[in-house]
Each structure stands twice: as C-alpha cells, then as structure tokens.
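Labels A, B, C, D and E are assigned to the chains in the order they are written; within every chain, residues are numbered from 1.
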Amino acid sequence: MRRFVPVIVVALLATVPLWLGDPYILNAFITTGIFTIAAMSLNLLLGYTGQLSLGHVAFFGIGAYVSALTALGFDVELFDGFHVVHEPWPVIYGFILAIVIAGLCGYLVGKLSFRVRGAYFVIVTISFAEVVRLVALNWVELTQGPLALTNIPPVTLGLPGIGYANLYGKTGNYYLVLGVGVIAYVVIKHLVQSRIGRAMIALKENESLALSVGINVTRYLVLAAIVSAAIAGAAGSLYAHYLRIIDPDIFLFLYTVTMVIMVITGGKGTLAGPVVGGALFGAIPVIVRSFAAPEVQWILYGAFMIAIIFVLPQGIVPAIERWFAPRPSKKQLVASQSSVSAE
Amino acid sequence: MSEFLQHIANTLILGGTYALLGIGLTLIFGIMRVVNFTHGELYTFGAYFVFLISSVLGLNFLLALPVAIIAGLVLGALIELLLLRPMRGADIDTTMLVMIGAMIVMQNSEQLVWGGVAKSVSTPFPETPLVIGPVSVSYLRVFVLVMALLLIAATYVLINRTKLGKAMRATFQDRDTAALMGVNVRAIYTATFAIGSSLAAAAGALLGPAYVISPHMGDIASLKAFAIVILGGLGNITGAAIGGFILALAEELGAGYVSSGYRDAMGFLIIIAVLLIKPTGLFARAERIG
Amino acid sequence: MLEVRDLECRYGSVAALKSVSLSVEKGQIVALIGANGAGKSTMLRSLSGLLVPSRGSIMFDGEDIARCSPPQVLKRGITHCPEGRHVFPDMSVEENLDMGAYLRRDMAGIAADRAQIFEQFPRLAERRKQIAGTLSGGEQQMLAIGRALMSRPKLVLFDEPSLGLAPNIVERVFEIIAQIRADGATVLMVEQNAYAALEMCDYAYLLESGVIATSGKGADLIDNPHVQAAYLGG
Amino acid sequence: MTAIVPALTIEHVAVHFGGLVAIADMNFVVNGGELLSLIGPNGAGKTTAFNVITGFLKPSKGEVRYRGTSLNGLKPHQVASLGLVRTFQRTSVFRAHSVFDNVLTGLHLSGRSNLLDTLLRLPRERASEQELHDAAWEILTLVGIDKQAHELAGALPYGDQRLLGVALALAAKPSMLLLDEPVSGMNASETGRFMRLLAKLRDRGMTILLVEHDMPMVMGVSDRIVVLNYGRIIAEGPPAAIREDPEVIRAYLGQAGAKRAAHA
Amino acid sequence: QESIKIGVNEPLTGPFAASGTYVTNGARIAADEINAKGGVLGKKLELVIEDNKSNPTEAAAVTEKLVTRDKVPVIMGAWGSSLTLASMPKLMEYQVPMLVETSSSGKITTSGNPYIFRISPPSSVEAAAFKPMVPKMTIKKVDFLVINNDWGRGAAEDFGKMLKGENIQVGLVETMDQSAQDMSAQLAKIKASDADTLMVTTAVEQLTLVLKQAAALGMKKQIITTGGSQNPDQLIAQAGSAANGTIHLATFAPWQPDSTPNPQAAKYFIGEWKKRGFDFPGVTESFRGYDGIRTIAAAIEKAGKPEPEAIRAAFWNVDVKGLNGDIKFQKQGPSGKESGQSVPNVYLIKIDDGKVVVPTM
C-alpha cells in the first residue's frame, strides 16, 4: 500500500493545472516545487550523510547562472585581449550544463571539505556560497553583477532539428517542474535505498566504524555532494527560466534557510520529508498573506515552525510513518535520560 | 606605509569587534553545540536596549551597558527555558531549526516595535579621533576594543578556571555523568545560554553606538560570529579571539590591497584555507580513535 | 541502609526491571550479578537518580530517594561509577577528578584525596594533564573509579569496575573496594567477573530478566549449580 | 596445518603523541592462520598498535606489511579491503539502526552493483542486494544474534552490542581479524560462547590478532602471546611461557592474575 | 460605488523594510488626498499593498497576485532594482503597467518592457543634472565609494564618465557590501589616495557610517553624496559633526518647500506626513510614493477607464507637477517596446554646522 502513495500523489499533482483556475496559486505551486526539488537535494546531504550544507543555495544559484548564461551568451575578457565569447544556445543545453557544472562544484566542495565534518562542514559550505555570491556580484563582465541578467528565455522543449516549444505559460512550467521533481525523487530514492545509501548513512552515524568495514567514506560524501549539487543546479536552472531574471540575490541566505526548514520539518532522512515540508512551507506564506500584517506574517511563520518541531521533533513524515506502522514489539531507543552506554 | 599602519590599527579595532561577537557564541555554539541563530538577534537586542536607555530614557550610556548585559542574561534564560529545554535530546539540526524560528520571530518583532528605520545612539566619547602619528581611530572604538579584551579575559577565566566553567564543560561533554557528579545540569544549561546571550547583548550594546541600530544588524553579525568560532576551534575562547583578529586582518588587507568587492570573500577564503589545513579549526583538540 | 522495594523501570514501553527488591546493609559489599541485559545497569541508574523508576521505592537511611535527581542522591552520600567509563573527554585527568569532588568545599581534603588516588593509580599521576578522551580504555576506567571516590561517598555503586583493566589493576581495584568497606562505607557492585565478585562480597543478588532470581551469601551462590552454569562458565 | 607464512609483519613501528611515546619500537609477526594475543598493562599501546595497523594512525616511524603489501599510507578503508578488519575497544555499532541493517552496511565490500545499476535499479542491483541479505543472515546466525535482528542496535545490552561489533567486522569478509577486548563486559559463560565462535572462525582459516585482559581466555585460545609494556615488547612466546615470565607477572599479571592465568 | 484598485508592491519586511514602508506611507497620503477630493473618474482609489519581503521571488509572486487575484489595472513598485526586475516578466505576461518609483538600474527602462514607467532618476540622469554645477566647484580628482549593487555601480560608472568629460580625474572605485557596517578598510585606502573629493552612493544608514568612520580616520576630503535618498536630516541627527561640510545631490528638498517646483503640494505633503506622526527624515524617500500614486491617478484620469492597456497608453500623456519637478515620460529602450522615463530635478545641498543650506553658485 505504502508503495503507491508517491504514485497517487504524483497523479493528483498532475491534475492540478486542469482544475486550478488561479494563476497566482499555480505560481506558488511552481516556485514551491522548485524549492522543494532543492530541498530534496539538500536532504541527501543533511538527512543521509549527516552533513549540513548551509551554503546549498550556492549550487542552486550556480545552476541558475550557468543556465541563464548559456542561453543568453556572454563575452568575457579573461586576461589582456583574450576573450571568451559564447553565443546563445538553446535553453535545454543550459539546463544540462547547469546540472553538470553544479555537480562539478559539488565535487569540488566535497573534495575540498572531505576532512571537515559537522560544524566545520557547515562553515565551509557557507563560505563557499558567500565566495560564489561575491564572484557573481563582482564579476560584472560575466554576470552583469548587481545589474542582473534579464530577458532570460523561457524553457524550450524539443530536439535540435525537430523543433522547439517555448514554455512561457504556467501550465507548461508546472509540468516541467513536476517532471524534474519526480526524476529527482526517483534518483534519490534509488540511491539511498541501496548499498550506496547505507554507506552514506554509515558515514553519518559512525565514521570510524564505517571506515573499518571498508567503506570509502570520502568517496560517498563526494558522491552525495555531486548528486545533491547537480539536483540543486537543476532546480536553479528551472528557477532562472521561470522567473526569467536573476541577480546575486539568488544567493540569499534566506533561500538556504527555506530549504533547511522544508527538510527538517518534513523529516530529514526520509524521502517524502522534503516534499511534505516543501508543500507546507510553500503554502504557509500564501495563507498568512491573506490575513496578517507583513511582520506578523513572518512571526506566524516562525512560530509555526517552532510549533511543528515541538510537536513532532523528528518531522512530519516519520511521525506519520510511526502512526501507520505500529510494530509494538520493536524496541525503541530511549535517548533522553541516561544514554550511559559506551560508544 | 602610513596606509598600512592605518590598516593595522583598523584590524585591531575591527578584530576586537569580531572577537566580541565570537565569544558569546563560543559558549552557546562551541560548548553547548546549539547552532544559535538568535545570536544576532540578542546582539540587536542589546543595541536597541542601549538606544532605549540612553536615547529614549535619556540615561547615561555607561549605565546602559551593564543594564543591557543583565537584560541579555534574562532574555537568554527565557529562550533557554521556553525553547531549548523542551528540545533537550533532539539532535543539533532540529534544535537549529527552532533557533531559526526564534530568529525570525525576534527579528520581525523588533521591526514591529522599533520600525525599520535605523537608530543611532550618541555617546559621551569625543567625536574627534585619537591621532597617533599617521594613525587615527575613534575613542569609542578604542573603548570597545578594551571592553572586548576585558570580556574575553573574563570569559576565559570563567570557562577554564572556575568551578562553574568546569561544570559547564562537563555538562555538555556528558550530561548524565555531570549529573552524577552533583552538577545541576538544568541550571547549567540555562546559565550557559544566558551568559552567552548576555555576551551577545554586550556586544550589541557596545557596537550599536559605534554603528547604527536596525532590525537587520544581527544578520552579518551572526554569520561572522559563526565563522570566527569555527576558525578558532569549537569551545576555545582564545581561539575565538584570535579567529576574530585573523578575520579582521584578512578583510582589512583584502579591501586595502586586493579589491573591496572581494573584502568579505577574503575572510571566507581564509576560513576555507584554514579548515583545509586544520579541519577542526586553528586550535583543534586532541582526539583518539578506537 | 539501602532498601529497594518492588522497583520497576522502563525504557519506553519495555520494562527493564520488573519488580526488584533488595537491601544493602551498612559496611557491606553487595554484588549484583546477571547476564547481559538482565537490567543490572538499569538498577544502578535508578538508584543514582539517572532514571526515574515507574514504580517502587528506594529507601536510603530511612528516606525515599526514588524520585531524587542525581545531585540530590549524591548529596545524600551515594556515588555512581557508571558502566563504560564516561570520563569527560575534553577535560584533563585532574579536572575530571575535580569534577568528582564537585559538591565538596574542603580544599585540603580534596587535595589529600586526589593525592591518594594518584598513589593508588600511578598511571593517572603520570598523566595528570592529559586530556581524558585520549587516555587508553583502561586508563579511563581508572580515572572513572578515582573520580567516583573523590566525593567521599557513604555508598558506592560500581558498574563493572574491572572492565578493560589489566589483571594487576583489577587486583588493585578489588583491594580498594575492600578498603572502602574497611573505612566504614558501603559498596554495591555489578561485576561480570562474577567469580571474583562473589568471592569478595558479603551478600549477592542474581538478577535475571528484570527480576531477582536468587540471593544469598557470595560463597553460597558460587556453589549454586545454576549460577555455576550460567555465570561462572563452570 | 600448512607451512607457516607470515601474514602480518610489524617492523620498527613507533608512535609519538607530542612528547608521549605510545609505542617505542615494535616488531612482531602474525603468521597465517595463527591466533596471536597482544597483551600488556593499560596504556601499553595495544589499541594504538591496532590503529596503526588498520590505517587510522600514521606511525611516526616503521612499517606494517600484510601478506607482503606495505600498508604505509593506506587509508583505513583500503586496509579493510585488503582483508584486515578490526573491532573497537569502545563499543561501536550504528546505534540508530537495526542489527540487521548494521550487518548489511558492514557487507559493503561484498556489493557488486555499480552506480548505474543503482540509479536505474537494474537486475544486477537487485541480485546483489539479495545476496547481501542472505549473507547478513548467515553472519548473524554465526555470531548468534539473529534473534535480535530487528532490534535497534543502540538498545541492545552491552554484551550483545559487542557481539554485533564482531558481526560487523566479519561482514567485511576479513582474512585477518583484529579484536580489541572483545569479551570485556561479558561474564564467564558468555566468554565461553565467544571462544567457541573464535574456534569456528579459526576453522575457516582466519588469522586473528587478539587484545584482551581476560587471562583465562587469552591463555586458552592463543597460539602465541606478545606482551607489551610502555610501548615496548617485553616478552613473546606460547601461553605457558608467558604466564610464568616474572617480568610479565610483575608488570601485568600480578600475583593473583598469574594464579588465575595458570588456572586456565 | 466601486473603487479603482492600485497595486503597491513594496518591501515591508527584510533589509529594505524601512524604505519600503516610507514609500508606502507616501502612497497612502496621496490616495487619501485624492479620495478626499472625490477620487478619480468619480471612484475612490483603493491601494492594495503587498509586502515583497525584500526578496525577488516574492516580488514576482506579489505582482502575480496583484494582477490575477486583486485584478489591479496598474501597479506601483517595487523599490529595489532586483525586485522590480523580477516583476517585469509578469507585467509582460499579463500586460499590466507598473510605475517604478525608486529603482535606479538602467536596465529597467532599456530592456524593452513597454509596461514600465519610471519617475526615479537613474544615475545617468543624475550625473547629467550635476554636470553644469561641476565647474563651479573645486574638484580635481575624485574617488568613489559605492554600495555594491546596481545603484552604486551605476553611479560610479555614470558619474565617472561625466567627470572625465569635464577633465576631472577619477581615482579609486571602492565598493561596500549592502549589509556592511564597517567601511574603515576602504576608507583607509581612500584616505591615502591623492584625490581631493570622495563621492559616495549608498542608503542613508550606510552613509551615516561612512561619514562617521571617515571622520574617525581623520579624513579631510570633500565628500559628495549622490542618489537622492541620503536624507540630510537623518545624517545630521545621526552622524553629528561628521556630517558637517558634506555636499549632497538631492532630488527633493523638503527643508525649503518654497523653493521646490510645486511648493503647494510639497507643503501639503510635508504637513500631512508630520500630522500622521511619521518621522520627518522619511520624506526624502516617501515623496516618491506620493508622486507615484498621483502620477498613476493622473494616468487613470486621462485613460478614462481603469483598464491596463488604456492606462499604459495614458502614461505617455501625463504631465504631473511632482514634488521635484514635472513628471513627463520620455521614451527609452528598443524602439517599438520603449519604457517611460521621467526626468526629475536634482539639487545640490550642503550641511553646514548641523544645518542644511543650499549653496549659491
């Protein structure tokens, strides 16, 4: 039964544009969907390898910039008189390049920080994101810096030689986001429910022990970083072509925070967690906007977050799972008082 | 040369600022392992408190400082009791999220109360700078530096030399065993968070007058504070202080001799570089395997 | 001195102790033996206040301490040396010992006790400044024992004190335990080295799956065929 | 028994922590199929030796070789993939996971699927997973914790956690097993059970290096014993010789210990 | 009686909250004033105010909501350039015009969006207005210290170009992060340069800090600020003596309402602003909201019906006496898809001894 839940959810989501008349809500669905994909990618790192990337927006932003620049073209003088000129390419190449280059950056960060863990990994990722933001801000020639990249073309679907269709409209973009979301979900699912996934979890739980049974911890951390970054890059690309303008504000720390909120409230380390958290925290701003003053909207948002964690500290999805899968004989680890057992 | 000397003087002044931001967080993040996103808000709180006392109520600036510290102590204790205590046993990321929620609530409450317009506080210090040869600095900032060094020293003594400090470290290294030693661990949790918070408020109270006070002043303050604590090695007071000065130096020289657009990038590059060489900060603790 | 009646302790929905009653007389060494997972550590944890029992009473010197917190229990003179060392990993050997004397104020007495522990465990004296987390397993165990003694307890709860110690040090630890009794204090110990424990104790209890299966003088239990088969490997 | 071939060779290994000499100059050989015990006072350097052998620590000097391959500079997971697997003195299991999942994780090296198989969930992935499941049951049964397979590792009693630690090591398909105080915290009967497990492993030809303070056991199972004190080898030989060695008695066994060792 | 809705898309929370709130309050004054006089086309104006949270994604979402949910025929917004830019594709999609009241990025009017009408001056306009005053001042070489965003970078570029044309040397161009509080590193470098003048472009809070920190470094250069939101009163109040001697290019001079292009409106606006209890320094920002709504009202009046296309067309014909000059739109951007840009007045003012003076030149 449980296996079919995702299928049913996707089927239901696929009907949304058919009956939802309100473009504002559809817009909320699309942006929420994009951030949910990013949150899913973050979950791979945070929930499975236990490494919190608070600079995750860097991959998202890199994906957005790569994709936009591929589609717009650029002319950069690297050093005296040496120009790199790029003519605009079809958007689909941008999308693919976004994934590849974001993945490469994930490789870089994974490799660079292969020895740092926990808080130190957090700060390396934050630093990386800040450095990338500052490059986007200051390398005006390439990125237009704060002047923003405008007139980014919408996604075109099709194959060279056969023809293209522009996705200006919301419905097209909606299905695109849904499609990418489903692929991302399946990729992550296959990955974590496998030997590789177990290796990642082992790294999170007890690194020395993982090493001692022959798990190449670094390799799996790097792999997780690559996949995670690549998916975030895909989300960024979707974002750029949907919003059709990007500037260094895309590296807003708030966006990372949004992703983290989605992952943890939904339930980190669960496949459905980021999706549920994403849906919830995509909906809340829309709902509170209708009745509360601006500051109060934020206060409610924050208070709601705290409330969820107080009631369901593991997140929503694990709580639901426990509800539906009562295995009474299974012993639970009582973590609270007295964990006096040597580890 | 004179420009260089000025940069060095600026580094000392700014480093004091950063160190001050770092030490409060060393307690809460470095020792308690709570990713404290409210640090910046407590900093802002301290700043607004000084504004309230010295500009709104018209009392003396020097009086405002201790009062802000006490207010920070109280607010910190409240946060611990209301938000952190129920989260005991939850993992670090989950607690972090609660703190993010608290940050959002606090920041927007500040804006609701004070409005978004920046405030400034006048101080009894002369506006003309102190000039030593080619170098010139403001008296207020020298005062801040001196206070920062005093607070760092006091925190160092507290953590490493007093019984309370030992109890704090013991509690966060092994809560149950600390309780077995007779430590009232609940009180220690509250006390540690309150003291860390009051140091943040103190930083705000000192720096608010030096800068301008706005609901968003805490954002970069937090970010820098985290970086500094990690640079120095978690829980290491001297490390945090030195980390603060290193970050200041990197930024100052980065802006002075590389490019001001990459000023902050220099700081972060230094952090990345340090962590690549010493993955657990400049002053890592010994660890063993097996 | 210590009188436990009808104690029940649970982890979530599982009862680790079902209904345990036992008593410890002043100046005795009492051993608690039992298989893995029988609930011995749970027993000690509930005595020292780390776990709140779901039922039953713990009378110590005429007072029910079942719902006391660990510091309150310690103030009444009970100290618990936990299973698996649990030294404070980022504190030095000396600081760890100081933590043992956390509730004491007599500086001179503390210094004397510390000197005595260094005498009993010369290894610790060599390493007084070393960060405890980098000590070897056995060194940490010595430290945990020393630290427990720093509070000058009336009743010591030892959870597997010989764990990970070299044979000559185990000998030393048993001497220390005998000395504690000689000094007029009381010991309740859980020990996997059942033979040694039964040999030296005044009285012993056998705990099986959360209930006391049998009890008696140490020597009597050694001769008990069931104990022989299940715990002494004989 | 086949001819004696050295499996593990330790040559002039030294380890320093700052000014502290944990291992001074250590030389010994473990032969293939042999059970060698490494004993010595607390802090003598036994665990440190394990850390050096398994790649967790770089020796300050010296070399370790396994079946002719130098282990210098190898990372722990590389050492493990050569068939040299250790357990930990501090109990190490993946606490938040079931016993079964623990062993499944430990079987990492036996997986045959590659990234593509996994991402697309190709038949090879499924086949490999099935094999790992079977292998996991086999190991659990061998070690004798199959009944607890679905319990959380962190909630197991101490002794069972130690067995699970051994099961994890076995999952990595070692040709040589390094056990760091495997029976600490077990009572005499449980120790007896563990000794039977050791015997089974030896029947499969596994080489074993054992660190343990339980003298009856050490004396009972060892082919040979190496005694370490303050980072130096002070004695080496068969159990019978070791338990009578006055130096070993003085530094390690103590009078009563010697008596009990003799008892075994 | 039905009302005519006008969407207001402003940052009311987040880092730009203070400015967004000012502008919104200015807009409210204008709407109330117009409604008191009977509204537009016989209908009352209704402002639909939404917070874009200082966040581009939200700014786009807000535009979407205003258009599709609230069915507003015209929008004012969105303060920051990135907020405005993010809204612009939505305007194209739904064909609804937007009056841009604050943003300064050149791209807003040059990227071919015919639904954009801007009343704030991009820095090129400001630089051009400053040009005739330059020869009357003593400037030989200029360093720039600008906020690192489109506004600051644009200012450095446009003013630099203009000054070079006047044979004035341009030295350092230093930037500061939007949220930076400590600029002493940049200032130490500037202090050591041989330029005699420093031009600063940033928001008023950061400007205060720049002036204070420059004074603390003992910098003796002439300081000129650009951008028009520098709010001299706030500077005097907060920077104290550090503000003395500084020169500012302002777009509205509320301290001398009589010398503004529309004294009557200026006095009314300032009076109303004070009456509502807002702090006076805010007027130098909020007047844009006031002017914006009045311009929109004029366009609706001209269009004769509250419909997007009609209003868009009518914008080209408005001629409003704004608080800092006539608001008339000129065409900018690729032909056929031009955006509208109005050219406001620019003033030069000086702070002397804690007071604002208009230097006579």
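The working rule: a contact is a pair of C-beta atoms (placed from the backbone, for glycine too) under 8 Å apart; a residue touches a chain by one contact, two chains touch by 3 or more.
For clarity, every value in this text was computed on a predicted model and none was experimentally measured.
Think of each touching pair as a link: the shortest run of links from chain D to chain E has 2 of them. Counting hops only between chains that touch, chain B reaches chain E in a minimum of 1.
More inter-chain C-beta contacts link the pair B-C than the other of B-D and B-C.
Set against the C-alpha centre of chain B, every other chain centre is closer than that of D. Between chain A and chain E the centroid-to-centroid distance comes to 36 Å (mean Cα coordinates, whole Å).
Here the spacing of chain A and chain B, counted between their Cα centres, is 30 Å. Once the centre of each chain is set as its mean CA position, chain A and chain C turn out to be 51 Å apart. Centroid to centroid, with C-alpha atoms defining each point, chain C and chain D lie 29 Å apart. Looking at chain C, residues 11, 41, 50, 82-84, 86, 134 sit in touch with two or more other chains. Residue positions of chain B touching 2 or more other chains: 108, 111, 176-177, 219, 261, 264, 286, 289-290. Along chain E, residues 13, 17, 148, 175 each make contact with two or more other chains.
Across the interface of their complex, chain E is touched by residues 2-3, 6-7, 10, 13-14, 17, 108, 111, 115-118, 120, 122, 127, 129, 131, 136-138, 141, 211-212, 214-217, 219-220, 251-256, 260-261, 263-264 of chain B.
Of all the residues in chain B, the ones that touch chain A in their complex are 29, 33, 35, 83, 86-90, 93-94, 96-98, 100-105, 107-109, 111-112, 176-177, 219, 223, 226-227, 230-231, 234, 259, 261-262, 264-265, 268-269, 271-272, 275-276, 279-281, 289-290.
The touching residues of chain A, when paired with chain B in their complex, are 46, 52, 112-113, 115-117, 119-120, 122-124, 126-128, 130-131, 134-135, 137-138, 208, 253, 257, 260-261, 264-265, 268, 295-296, 298-299, 301-306, 309-310, 313-314, 335-340.
For chain C in complex with chain D, the touching residues are 11, 33, 35-38, 41, 83-84, 123, 127, 130, 134-139, 141-142, 160, 163-172, 192-195, 229-234. Only residues 187, 190-191, 194-196, 198-199, 201-202, 205-206, 208-217, 223, 330-334, 341-343 of chain A touch chain D when the two sit together in their complex.
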